[in-house]
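Think of it as A, B, C and D in the order they're written, each chain with its own count starting at 1.
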C-alpha cells in the first residue's frame, strides 16, 4: 500500500484528480470503476472541466461498483443516479462509455468486466466502519464476487438517507461488487478525509486483516494507493 | 485467477517453465521469487539447460521466500540449499543475482525487496493442507509480512524430513514471507499436481477465503495463474 | 536494440520460441504478427506441440504482415498459405484468431489493427539485403503504412521461387505493412542466422539508418530484440 | 502517433501537465527527460505547485536531453540552468533526482540512462524547422545517439539568444541526445503551439520521414503523443 498524505479535503481532491487522470490520459481503452457519495464531490468538480467533451477521453469506460435500486419504481438506482449527477452528466460522458451494474445484470457483471479486458482502476471511498462499495461489516465475505445483499430493517434504516428519508423507496436488497471482484482490478485508489474516517484509516495502516473491517482486505492488493488527509490520519502515529 | 489445466506432472513442468521463461525473457531487471521442494524439480530440469550461462538472463534476480535454518550450525538453511541444488548451481546463476532471505536479515526483507523495485513474479507450490511458503495453517495470519514462526514440537517433527530425520538439526523457528508480502508481488504462479493436492486445489477453485486454508487468500490476487494437473483437479467438477 | 547471441540455427529457434511464448503466455488478448519463410521453420516445429489445442492460447490473435496474391487465381496468397502450412494448421489455430491481410483489405489493415488494440509483437525475419516484410530496397519509404507495391519484371523474377517457378502465377503487385506500421507495434523480434545474413546484421549493429537498407530503421524501435547466430554475426567485431 | 487537439497555449499547457503528471503519479522510479525553452513555461507554472515538496514524487528522476555549455566559463550550461529556473528550483526537486547531461559526461549518457532502467518519458518541444532537442536540420542523422555537434559561425549566431546576445559566451559545440537515444524512450510527448510551428506540425501529420525535418522520425515511435493547438494545426486539413 502506497500512502499519500495530504493536508485536507481540497488537497485530497486535487491529488486524487491527478491520479485518476493519470489513468485517463493513457492510450487505448481504460476501464475505470468510480465511487459516488460525498467524498469524491470536489474531485469530480475539478475533473469535470478538464475532461468534458475532450475527444481523447473517448476510450475511457466507466463502471459503477454497487447499486441500491428503488423499491417500487422502475428507475435508475441510487448509485448510478448519483454518479450521473456528480460527474457523468456534467462531463458529458457518452452512454456508450457508461456500463451500469444493476439488479438485472449483476450475475453477469464479473464476466462482462472480464470480457471488456478487466478493470484497470477502481477509485473507492472508505466508510467510517471500514466498508467499501456495498461491503459493509456483516454483509459479504472476502471470497464474494458481485452479489445481492439482503437488507434487514436496520440496514434499510441506514439507507434512508439515500432515499430522502422516504422509507417506502428503500429496497429489501442492494447489489455490490464483492471483495474478490474489487481485488481483481489492476489498480485501486482509496480516498479518505476527515476525523470520521480516522478509525478506518488506522485499521488499514495497522494492516491487520479483519472480516468485520472489510476494507482491511484491500491492503493485500499489490497496487493500492491510499490518499488520506491529516484528520483521517490523526489516529496513526 | 487464471486456471491452466494440464494432463500430468510432465506437462505441468513444461507449461510452468514456459510461463517462468515468459518473465525471464523480458528486458530489464526482473525480480523473481522461486519455490523449492519436490513439485518444481522437473521444471528446473527443463529450465536449466535453457538458461545456463546465457548472458541475456543476467538481469534476472532470484529470491527465496522462506528459510529453515539449521539449529546448531552456521550454514545456509534448508530452502536456499535446496534451491542451489535444484537450480541455482546447475544453472550457474551468479551470486550477485541471488538474494537470500535468512534468520539474520528477515526483518529487512520486505524493505529490501521494495528498494529492489518489488517482486515481478513469485512461483509457488501448494501444500496438501493449502499452505504456501511457510504459511502453514495456524502459523501466520493474512496481514503478516515476512516473519519468524516459532516451532512447537509437532512442527519440528513435521520438519524432520527436511533435515534427514536428524532432530538435532531442526530449529525452534523458521522464516517466511507472509501473505501480505507475497500478495505484494505483481504476479503469482501456483503449480500443483497429484491427488494429494486435490483438496487444496478444490479450496482455491471454490474460492472461499479461509484462514485455516492459507493459500485461499491468494485467489484475491489480480494476477494469479494456477497450473494444475488432472489428478489435482479430480475433486473439482 | 537488445542483441541475443546464439550458437546456431537450432539455438536461435529454441530461444526465439521462448521469447514468442513469453508473449503468448500473458493473460488477456495478445495480437502477434508472425513471419513466414524458411528462417522460422524450426521455431514453429518447436512451438507447435507446445501450443496445439491448448485452451490458454485462445486469447492469442495472429496477423500476417505481407501478402503476395496469386495472379490469376482467387485463392489465398503465398504468405498466409505458408503460415498455415508452417504453423497455423498444425497448431490448430482457430479461424477466429487468424486475421488475414490481403489485396482486398489492405487499405483498412492499419485501422483494423488499431481497433483490435494494436500489435503487441511482430516476429520478423531479416533479408540478406536488409529487407523486412515486403519492404525491399527501392520499394517503400520509412513513412509508409500498409501499402501495395507494384512489381516490375525484375521483382516478378525474384518472386518466382514463391510460385514454384510458375511465372504466370506471379502477380504485378504485392501487399506489405510498411515501416511505419511495423514500428507502431509495441515489441519487435528479429531472427537471423547464417552467413548469408551477415551483411544485414552488420548494418543493424553498426546502427546507421539507410533507406536502401530498410531494416536499419527498426533499430530506432524502443523494444527491439535481435536473436542472431554466430555466422550471422561473423562480420561484427 | 496520437494527436490531441487543444484550443490554445493555455489549454496545451493544462493538458500537457495532466499527461506529464500521469507518469509522475505512477509508483516506483520513473525517469523523465524534460524540455526547456519557452513552450513549456506555462506547463511548469501549473505543475510546480502540484508537485513541490510532495513526498510521493521522490521517485521521479529528471534528465536534460541537450546542453549548450558556456564558452569560457566553468558554469552550468544553458539547458540545465533554464530547467532549474523554470521548474527544478521552484519545485524544489532534490539534486539526487537531477541527472545532468553535459560536455563532460555525454559519451556515457546513453549507458547511464540504460543502467538507470531507461527513460520512461521524454517531453519535447518542436522547432519551427522541425528540430527536436539539439537535432537541427543538418546537424545529426537518424542513427545518432548522444553526441557533440560542432557549431559553425551561422549556428553560433543562432544560439546568441540563449546567451543574452553575448557572442563571447557562445561555444563551438553543443551536446544533444540524438534521434536514436530519444527513440529509445518508452513514451514521447511533443507539445506545439502557435502559427510559427504550423509547418513543422504539418510535416509530422503528413507523416513522411525526412532527414532535413528531423522530428519526422519521431512519428515512427510506437508511443508518441502530440499535444497541439489550433494555430499550430492551421496548415493541416
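Note that a residue touches a chain if its C-beta (ideal position, glycine included) is under 8 Å from a C-beta of that chain, and two chains touch if they have at least 3 such contacts.
Small disclaimer: the values here were computed from a predicted structure and weren't measured.
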{"item": "Third chains touching both chain C and chain B", "value": "A, D"}
{"item": "Which of B-D and C-D has more C-beta contact pairs", "value": "C-D"}
{"item": "Distance between chain centroids, defined by C-alpha means - chain C, chain D (Å)", "value": "34"}
{"item": "Centre distance in Å when chain A and chain D are each reduced to the mean of their C-alpha atoms", "value": "38"}
{"item": "Between chain B and chain D, centroid-to-centroid distance (C-alpha), Å", "value": "45"}
{"item": "Chain B residues counted as touching two or more neighbouring chains", "value": "118, 223"}
{"item": "Complex contact set, residues of chain C against chain A", "value": "28-29, 117-118"}
{"item": "Touch list for chain D against partner chain C, complex", "value": "118, 141-143, 145, 179-180, 183-186, 207-209, 216-217, 219-223"}
{"item": "Residues of chain A that touch chain D when the two form their complex", "value": "2, 4-5, 14, 18-19, 21-27, 50, 55-56, 223, 225"}
